[in-house]
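See structure below.
A, B, C and D are the chain letters, set down in written order, and residue numbers restart from 1 in every chain.
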C-alpha cells in the first residue's frame, strides 16, 4: 500500500481560513459552510449540555438526603424531565453528528461541502426553533412527564406537554434533514479514489447513524403528532379513558427511541476508532469488522425496542423474542471493543489528552455494555427495570460512551477546528477528574439499583442514603472536571499556540489541509490511494504476517 | 480538470444523462390499468366477501402501488440503489407493523389461558368482590355517580360490581366508553 | 461561479452551467444527489404515514365491529371520485416529467396546470366530504357528537373518526404542499429554468406527488371500502 | 418526614404485627442489602451471581489486556517506535465473536426459563386484587369480605399468591424488591404477578413507573407471615371498627391511614397535592368557578364520595372517590379527625 494521499507536507496558512474568509455577523447567520455550521451546532449543544448539566447537579443535590430538601415534588419532577429531554433531544442526539460530523464528514471524504449545504443551514434553524419551543414550554408551565412522554400520564398532566412535544417533533425534522444530507454526502460526494473500503471509520459510523436518523425519526414524528392530537382532541388511540391502549404508545415511542440510543452511541464509536489508531500509530485492527458492525448495529437496533417493555404488560412471547434480539446486538458491539483493544497491540501509544479519553472510553463503555446484559436477560430485568441500575447503565453508555468520546473527539480535532493548541497538562487533569467523578457517580448507582432503589424518586428509603451521598459527591467532581475542560479550551482560543496542520501525524484527509481549513476545504481535490490508517510508522518490513 | 470523478470512480462521459424516457403507450397503459383496478376494488366492495375483503383490497392496492412506483416514479429504470432504499423502507415498515401486531395479538394469550378475567368476575359474582370506587376520568365519573346513587349512596361496599375502576375487559370497556362518549 | 473556473478546459461545459452548484463536480453528480435525497425523503414520508396505518390496523383489531359500522358512514362515491382524480393527476404529472425530458417546456407547463387542477378538485371534494361529517357531528375524539344528530354507531366511533380525520387530514396537508410546489415549478418553468438536461426539480416534484398518490391508493380501500 | 408518615405503622393500627419502620431488613447475604424472600428471588440470585462472575471475568480480562498494552506499547521518549503492520486476523475475530455469542445464548435461555416461571402462576394460587392510583395501592382480599387495605400487602409463607392488577388513572408499576418482581399496572387492562414467599418479615413495596407528583410516596409494606397465622392477621388488619374505648378522633386517624390519605394531605400545614388537614375545618375556600364555600361536614363528606365535584382553586382534580370504601361511621370518624386538626 502506498501512502494515503499524494501530498503529506504540512500546509502553512496560505489562504484565509474558513473562520475569517468572510466577516460580519450575517456571514455566520446565513452561512452554508459545513464547518461554520458545525461550530454553530457545537456552541448550541454545549449551551444545552451546560443547562441540562446544571439541572443534573440540582437533582443530585436534592437526593443528598432521603427527605425532601430544597425542591418540591413538582419541581423535582420537572427538573428530571427537563434534564432528560434537553440532554437527549438538544444535546446528545445532535452532539457528535451535527457538530463534529458536520465539520469533519466532508473533510474526511475530500468533499468541498455536504451534498445539500442550504438544507444543512435549514436544519440548524429548525433545531433552533425546536429549542425555542422547549424553552417556551419550560418558561410557561414546564414539563413533568419524563422524557419518554408515556401516556396516559402525558395526556392528563397539567403541564405544557403540547409545546414541549411540538419542540421535540421539530427537533426530529432537524435530525432527519441532517441524516438525509449525510447519507447523500457519503454516497455522492466522495473524492477520487475514496471507495467504501477507504472511508475513515468515523465516516462509517456517521453513515450508519444517518441511516437510523432517516428511518427511525419519522416514526417519532408521527408518535408525537398522535400524542399532541390525543391530548388536544382525545381521539382515543393511546388514552385508555377514551378506549385506547397506553402500551401501544410505548411501542410507537421505542420504535424510534431505541434506535435513537444508537444514534447517540454510534458516532462515539467512530471517534474512538479514529483516536485509538492515530494516537497509537497503528492500523486499525479489523477495519471491515468495525465498519460492518456499525451497519449491523444500525439494522439490529430496529428490532430490539421491546426490551423497554419487558414489564409493561407486553406479551410474554414478544418479551422472549425481543430479549433474544437484544442479545444479538451485543455481538457486533463486543467485536468493536475487542478490535479497539487489539489495535493497541504493537503500537506506539502517545498519551495526550484525546488518547486519555479514548482509554477512559474503553473502561466506561465496557462497563456500560456489560451491564446491558442483565437488562436484556428477561428474568433479571424484571428486578432491575426502572431502578437506578438502568439509570447507571444508560449513563455509562451515554455519558461514559458518547460524552467521553465526544470530549475526546473535541480534543482530537480542536487544533483543526480552531487552529489553536490547548494545554495538554490541563487536559489530562480534566480527563482524570471527569473519569473519577463519572465512575463515582454512576458505579454507585448500579448498587443502588440492585438494592431496589426506583428511578425518579425525590425522596427515598433511608437505607439508600449513604450510596446516594457518594453518588452526589461524584457528580460534583464530574461537574468540576467538565467546567475545568470548558475553561482551558476557551483559554486556548485566546492564548493557545498556533496549531500545525497535522499535530498528531494522522493520515485521514482532514489533516491534509491547513489548520483551520480554508473555506473550500482543500486547495486542490485530494486523490486517495490507500487506507486512512496507513501510518508512516508502521513497520512494513515486519512482514506479510497478516493481510 | 482532466478527469471527472463520481463516487470515487472516474466517469467516462460525465455530461451524459442516462435517463430512460418511457413511450406514451406505457403511461397510457398504466393509467388504464389503474382505472380498471380502482373500478374492480370499488365493485368488489359491494359484494360481501367478509374477512377476505381486506385481503382482496390490499392485493389490489399493492398492484396499483407497484404500477405507480415502477412506471410513474421510474423506479424500474432508475438507479438500483433507489429501489434498495424503497424496498428497505418497506421492510422497516414491516418490522414496525410485525412486532407491534405480534405483541398486540399475543398479549392476552397468557391471561386468557389462566382465565384472569373470569376469576376476577367470579370473585365479584360470589359477592366477595369489592368496589374500588375510584374514578378520575371526567367522562366516566357521571356513570359512577349514577351507580352510586342507584345503590343508595354507595356505602356498604361490594354490591355493585367493581367495573368502574378502569380495569374493564375489552368488551366491557367498549360498552362503557360508548356510554361515556355519547 | 463560472468566472472562478474560467481556466477550465473548454470541453467541460458543466463548468459554465449556471445550474451547477459550486460543491459538485458534474451535473450528473448533482442530479444523482438530488434524486437520492428525494428518495430518502420519500422513505421518511412512508415511515411517517406507516405510524398512522398501524394505528388504523390496531383499531380494526381492537374494535372490528365498530370500524365496520362507522366506515359505512363515509361516502364511497366521494372517495372513489377522488381516487380517479388523484390517479389522473399522477398521470399528468408523469407526462409532465416526460415532456421536460424531451425538452418541451410548454407541454410541461400545461401538464402542471392539469395536475394542479386535479389536486384542486381533490381538495374541493374533500371539503364537501368534511363539511358533511362536521354537520353530522362525526368529529374526532371528544368532539364526536353524531349521536346528537341521530346517528347511532355502536362502540367507540370517536376513535374511528379520529383516525379518519388524522389520516386524510395529514394526506390533505401533503396535497396542499404539493400544489404549492407545483405552482412554484410552474413559475420557474415559465422563467426558463428547466430543460432536457436540467429537470431534476420537476422530477422530484413528480416523485413527491406520486407518493401522495400512493398513500391515497392505500387510504381509499382501507377507510372507505374494506368490510 | 414523608416516609415517617407513610411507612411508620400508625400507633392505632394495633392489628399489625410489631415491626420496624417498614424498611427492608438488612440481610446476611454478602452481595445485597435486600433479603431474598421468595422462591423466585432465590432462583434469580443464582442467575445474577452467575452473570456477575461471567462479566467480572470478561471485564477484568478486557481491561487487563488493555492496561498491559497501554504499558507495553507506550511511545518512546523521542520519536516513534516502529509499529506492527497487523490489520486483522480472521481466526481471532471469529473466536471473539463466537465466545460472547455462546454466553449470550446461555444467559438468554436461563433468563427465559426463569421468566416463564415468573409469568405462569400455579392454578391453586390465592387471588388478591391490586389497584394502583395516584398515589397509593389499594389491595383487596377476596377471602375477607369487604377487606380493602391501602399500601399493606399480607402474604402467607409457602403459599403461592397471585395478584391481578389494574390502574384507575395512569401507569404504575408494582415492585417487590425482596421478591425480585415487578410488573406495570396499566389502566384499562389486567396484569398478573405471582410469587411464593419463603421468609417471614416486613419488606418494602414500591411504584417504579413514574406517575406524577407523589410517585416517591407510592411506597407500601409487604407483611410476610407464617401460613398458620395468616388468616388471623389478615382478619385483624382488615377490621376497621371503632373500639369501645376509642374516641371518634382516634378511630378517624386509623381511617386516614387505611385510606392512604397522607400521601396527599398533611397534618402540619404543608400543602401537597391536596389541602393540609391542619386548620381545614371551618375554613372558607374559593372554588375554581369563583363561588365560595365553607369547609363543613357536608363539604368534606362530598369531597370523600365525589371528590372532583367542587375543587378549590389552586388544586387539580386528582383525588379518587372513596364511595363504597368507607361507610358512614368511618366517614363520620374521618370528619371528626379533620375537625381535630386545628
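What we mean here is this: a contact is a pair of C-beta atoms (placed from the backbone, for glycine too) under 8 Å apart; a residue touches a chain by one contact, two chains touch by 3 or more.
For clarity, every value in this text was computed on a predicted model and none was experimentally measured.
Judged by contacting C-beta pairs, the busier of the interfaces A-D and A-B is A-D. Chain A has the C-alpha centroid lying closest to the overall centroid of all protein C-alpha atoms shown. With centres defined as mean CA coordinates, subunit D is found 50 Å away from subunit C.
Work out the mean CA point of subunit B and of subunit D, and you get 35 Å between them.
Averaged C-alpha coordinates put the centre of subunit A at 33 Å from the centre of subunit B. Contact with two or more other chains is made by residues 5-6, 81, 88-89, 92, 96, 100, 104-105, 110, 136-137, 139, 166, 173-174, 177, 181 of subunit B. Within subunit A, contacts with two or more other chains are made by residues 156, 187-188, 215, 219, 236, 240-245, 247-248, 252, 313, 316, 525.
Among all residues of subunit C, those that touch two or more other chains are 25, 29, 32, 36, 40, 43, 47, 50-51, 54, 58, 62-63, 142, 156, 158.
Interface residues of subunit C facing subunit B in the complex, by the touch rule stated above, are 5, 8-9, 12-15, 25-29, 31-32, 35-36, 39-40, 42-43, 46-47, 50-51, 53-54, 57-58, 61-63, 66, 76, 80, 83-84, 87-88, 90-91, 93-95, 98, 101-102, 142, 144, 147, 154-158, 197, 206-207, 210, 213-214, 217-218, 220-222, 224-227. Against subunit B, in their complex, subunit A makes its touches with residues 156, 187-188, 190-195, 198, 215, 219, 236, 240-243, 245, 247-248, 251-252, 255, 302-303, 305-306, 309, 313-318, 321-322, 525, 528.
Those residues of subunit C that touch subunit A in the complex are listed here as 21-23, 25, 29, 32-33, 36-37, 40-41, 43-45, 47-52, 54-55, 58-59, 62-63, 140-143, 156, 158-159, 162-163, 166, 170.
On the side of subunit A, the complex with subunit D involves touching residues 66-68, 73-74, 77, 144, 146, 150, 152-153, 156-158, 240-241, 244-247, 280-289, 311-313, 316, 319-320, 323-324, 327-328, 330-331, 334-335, 337-339, 341-342, 344-351, 359, 362-363, 366-367, 370-371, 373-374, 376-383, 385-387, 450-452, 454-463, 505, 535, 537-540, 542-543, 545-547. Here subunit D touches subunit A in the complex through residues 1-3, 7, 23-24, 26, 32-34, 43-44, 47-48, 51, 55, 58-59, 62-63, 65-66, 69-70, 73-76, 80-89, 92-93, 96-97, 100-101, 104-105, 107-108, 110-116, 118-119, 169-171, 173, 175, 177-178, 180-184, 186-189, 191, 204, 206-217, 219, 272, 316, going by the rule given at the top.
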